Amino acid sequence: MELTHFNEAGLPRMVDVGAKPETKREAVAYGRVLVNRDVFELIKAGDTSANKGNVLATAQVGGIMGAKRTPDIIPMCHPVTLTGVDITFELNDTPDNNGKYSVEITAAARCAGATGVEMEALTAVSVAALTIYDMCKAVQKDIAIENIHLLKKSGGKSGEWTAGN
Amino acid sequence: MELTHFNEAGLPRMVDVGAKPETKREAVAYGRVLVNRDVFELIKAGDTSANKGNVLATAQVGGIMGAKRTPDIIPMCHPVTLTGVDITFELNDTPDNNGKYSVEITAAARCAGATGVEMEALTAVSVAALTIYDMCKAVQKDIAIENIHLLKKSGGKSGEWTAGN
Amino acid sequence: MELTHFNEAGLPRMVDVGAKPETKREAVAYGRVLVNRDVFELIKAGDTSANKGNVLATAQVGGIMGAKRTPDIIPMCHPVTLTGVDITFELNDTPDNNGKYSVEITAAARCAGATGVEMEALTAVSVAALTIYDMCKAVQKDIAIENIHLLKKSGGKSGEWTAGN
Amino acid sequence: MELTHFNEAGLPRMVDVGAKPETKREAVAYGRVLVNRDVFELIKAGDTSANKGNVLATAQVGGIMGAKRTPDIIPMCHPVTLTGVDITFELNDTPDNNGKYSVEITAAARCAGATGVEMEALTAVSVAALTIYDMCKAVQKDIAIENIHLLKKSGGKSGEWTAGN
Amino acid sequence: MELTHFNEAGLPRMVDVGAKPETKREAVAYGRVLVNRDVFELIKAGDTSANKGNVLATAQVGGIMGAKRTPDIIPMCHPVTLTGVDITFELNDTPDNNGKYSVEITAAARCAGATGVEMEALTAVSVAALTIYDMCKAVQKDIAIENIHLLKKSGGKSGEWTAGN
Amino acid sequence: MELTHFNEAGLPRMVDVGAKPETKREAVAYGRVLVNRDVFELIKAGDTSANKGNVLATAQVGGIMGAKRTPDIIPMCHPVTLTGVDITFELNDTPDNNGKYSVEITAAARCAGATGVEMEALTAVSVAALTIYDMCKAVQKDIAIENIHLLKKSGGKSGEWTAGN
C-alpha cells in the first residue's frame, strides 16, 4: 500500500491522469457547524425572513466560489472543469448533549473529466462552514466545525461509493 | 444581539474597522483528521524517514498558503498583512473508540492590524486538513475532518481569549 | 499634462506612493443595470421575500469580494488594506424612455493608506453589476450596464471631491 | 418565468450544465469610456506613437487577463477553457453633447464547452474600461463607463443571437 | 516572420486555438539555482534526513502550484486542464569555476488540449527556483537562477521537439 | 548556520516578523532573455514603432502584476503592501559567443513594511522574462532565461546591500 501522490524521490506530484477516460463524475460531501441557541436563532431568522441578514446565502456563495478555487488551494489537486455545484443547509433545532444546535451543510459537485471531484465538494463544505463561522464569531467565540466527510461519489473507474456501506 | 456583518438592508458587508487601533494580534486554531491504521502508518513513515513521501510537509505548505488566501476565500474577511504563520502536527497513535487514529493540527497566525486573525488560523487548519485528505484518499475513502475550532486569541479590544475558560 | 502611470521609456509602472502619508480614505462609486419588467420583478421578489432567490444578495457578495481582488485585476493598482466595503441597491421602478427599469448600485470602500480606493469602489460596482447580469441573462439577453462613475472621494492630498461640483 | 441560478431553497447555485453538449461558442461584448479632450489626446498619442505611454496596450492586457479570471470573480460562473480572447479599441473623436470623447471597447471570447462565454466577453470589456479609468484618473476625475452590453453570441442550443434584432 | 500573439492593431491577444485538435501534450523544462557551499549543504541535509527542514519539498509544492497558476500569471497564456505535473531535483556537488554548487530542477507538465504546456513547465521551474531562493536568502544574498529553458515537448501539430537537436 | 524558514519539527513556516520595525525598503533584481536575431528584431520593432506588436509592453504588465502575486506564488513569502514597482528593459544588440542577443530586464520593488521585497523584484523579473518567452516561442523554440539575481536592496536591519561588493 502506498500513497500515489509522491514521486520516486519521495516528493509530492500531481498524479498523471492523462490515461484515464473522461466520465461524468459527482461527489457529495457533508459537514456541520455547531452553534449556541442565540446564533442558531439569528441564522434561522435570516433564512426565513427577507432582509434580516442571511448568513446562509453568504455561506452558499462562499462555498460555491470556494469549490472553484480548489486547485488553487489544495496543493496536488488537478484543475477541473466543474459543470455544477450546489449546497443545501439544514437547520437542526434539536440541541446535542452540550446544548449546541447544528447547521448541516451538504455540497454536491459535478464534472466531466479524468479525476473525481471529492475535493471540490469537501472544499465547498469547508468554505461554507468557515463563512458561517466568520459571520457569527462576533456573537459566539466557541463555534466548532465538525464531521467533514464524503457522503458519496460516482463516476470513474471505482464507480459508485457511499459512506457507511 | 445581532450580526454585525450585515448592513441596514440586511445584506452582508465588510465591517468598517477603520476606527480600530492597529495592535499585535494572534490566533491559534485546532482541528484533526481521523484516519485508519494504514493511512496513519504511511503518514508517520513520511514524517520520520527522509524521502518516503511526507504528507505533513505538503499539508504544511498548503495550510500556510491557504492562510494567505483567507480574504480571497471567506467572503467578508478583511485583507490582513500577516506577519507570521506556523502549523504543527501531532500524530496521536492511540486509536479512538472506532479504531481511528488522529492527525492533530494546530495553526497559529499573527498580524499587526485592526482585525483579528481567527479566520486565517482556522483556514490554515482547514486547508492543511483537506490536503491530508487529498493525499490519502486513494488509500482510504472514509477519512473525516473533526473539531475545527479556535484555541485562543490575543490582541485587540477584546484582549486574551482561551477556549474552555 | 501627462499620465503618471508611465515610466521614462513609456511603459506602464505602479506609481511610487512611498512618500505619501497614510490617511483615512473613502471612495463611493455608482452604476446601474437596465433590465426589462420581467427581470425587474424577479429581482424585487427575491429582495423582499425569503427564499425566492435573492439576486442582490449574490451580487453584494460578488461585489465585495471583487473589491478585494482589485489589485489582482487592474494592472497598475496598488495593493490596499481595505478597512471596509459596503454596497447598497435601489430598485427604481419608474421605467425610462425605453421601458427599462434600473437596479442602482452604490458601493463605498474605505482604507487607511497611501493611495485612494476609487478603483476598489468602481470594481465593487462593476462586479456587482456583472453578477446581476449573469444571474438574469437566461431570462433577458439585452441587459445593459450604464453610467459607472465615481460619486465622491475623501482623504489624501487632494481632499474631498464630489461628482458634479 | 424564473431565474435558473437558484435551487429549491432559493439559494444560488452553479447551474448543472453536464448534460449540455460541448460546442464552439463565441460572444462579443461592447462598452465605452467617456473622457474629456485632454485625456482623449493622451490616449491617442500613446496609441499612435512609440513609447509615449500606451494606455490601450495596458487595458488590452488587463482585459484579456480579466476574461481568464471571470469564474474567480463572478460568483455563479462556470469555469471555462477559453480558446481565444481579443479586444479592439476605437477612438471616436466626435464629441457627444456633453463634449465627451469615447474610447469604444469591443471584446470577443471563444471556447469549446458546455456554457457560453458572454460573461468572459463582458468581463474583458469591464476590466479594460476600469484599466483605462485607472490610468487616466490622475488627469480627469469624472470619467464614466457606459453602455456595457452583449453585441452577439453564437454556439449552444440557443444558436446565433445579435443585439437589436 | 511575425509574432502571432498580436492582432491587427498591434495589441496582444490570446491566440485562437479553437480549430486545433485536442491531443496529449507534454513539455519538460530545466533550470538551476547556484548556491554557495553552506547553502548547498543545508539543502542536502534537508533532502536526506527527516525533519531537518526540506527546502526541496517546499520548492516542489511551490513549483507544482505555480504550474497551475500559469494562465493567471502569464498574460496571453491559455487556460489549460493539466493532467499531471512533476518536478525532480538533482544536487550537483561538483562546484563550477566560481565555486558555486547547483540545484538542478527539471519539471514535466502534461495535458490533453489544444495548446502546449511549455509555459506551465517553465513556470514550475521558475517558481521552484524562486522558492529555493526565498528559503535560503537569509543565509546567502547572491544566489542566482540560471539557464531556464525547454528540454523537450511532444504532442500537437509540431510533434516532438528536443533541445539541442 | 541554519535556515530560518523552518520550525522545530523541520517543517516550513512563515517566519514571524511582527517584532521588526516597518521601514522603507527597496529591492532591485535583474535577469535576461537570450533570443536569436529574428526574435530580437521583432521585439525591437515593437518597442520602437507604434502598433507593430509591443512584446515589452506586455511583459511589463505581466511582470508588475506578477510582483503583486508574489505571496500567492512563493510559499513562505509574507504579504506585502507594495508602494511601487517598475521594470526597465534594455535591448543589447551585441550578440554573445553563441550569436544570441539579450533582452535585459531590471525590476525595482518598494514597500514600507517589516520584510524586504527581494522576492517581489525577482518575481517581477521572472514573470516578465516568461512573458517574453511566451510571446516569442512560436518563432524560436530554444529561448533561454539567464542570470536572475538581486542587484541591490536597502532598508531593514541589514541596511544597504549591493551585488558584487
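Which chain is which? They are A, B, C, D, E and F, in the order written, and residues in each are numbered from 1.
FYI, a contact is a pair of C-beta atoms (placed from the backbone, for glycine too) under 8 Å apart; a residue touches a chain by one contact, two chains touch by 3 or more.
Computed from a predicted structure; not experimentally measured.
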Separation of chain E from chain C in steps, with touching chains one step apart: 2
Chain separated most widely from chain E, comparing mean CA positions: C
Chain of greatest Cα-centre distance to chain D: B
Type of chain A:chain D copy interface by residue overlap (half), same or different: different
Centre-of-Cα separation between chain F and chain A, whole angstrom: 38
Centroid spacing, where centroids are CA-atom means, of chain B and chain C in whole angstrom: 32
Centre distance in Å when chain A and chain C are each reduced to the mean of their C-alpha atoms: 30
Contacts with two or more other chains, residues of chain A listed in rising order: 9, 11-12, 50-51, 54, 57-58, 61-62, 65, 69, 72, 75-76, 80-81
Every chain pair meeting the contact rule: A-B, A-C, A-D, A-E, B-C, B-E, B-F, C-D, C-F, D-E, D-F, E-F
Contact footprint of chain D on chain F as seen in their complex: 47-51, 54, 57-58, 61-62, 65
Chain C to chain F touching residues, read off their complex: 7, 9, 11-18, 71-72, 75-76, 78-81, 113-114
Touching residues on chain E, where the partner in the complex is chain F: 1-6, 9-12, 31, 38, 42, 46, 50-55, 58, 61-62, 65-66, 69, 72-77, 118-119, 122-123, 126-127, 129-131, 133-139, 141-150, 161, 163-164
Chain D-facing residues of chain A, complex: 24, 56-57, 60-61, 64-65, 67-69, 80-89, 110-112
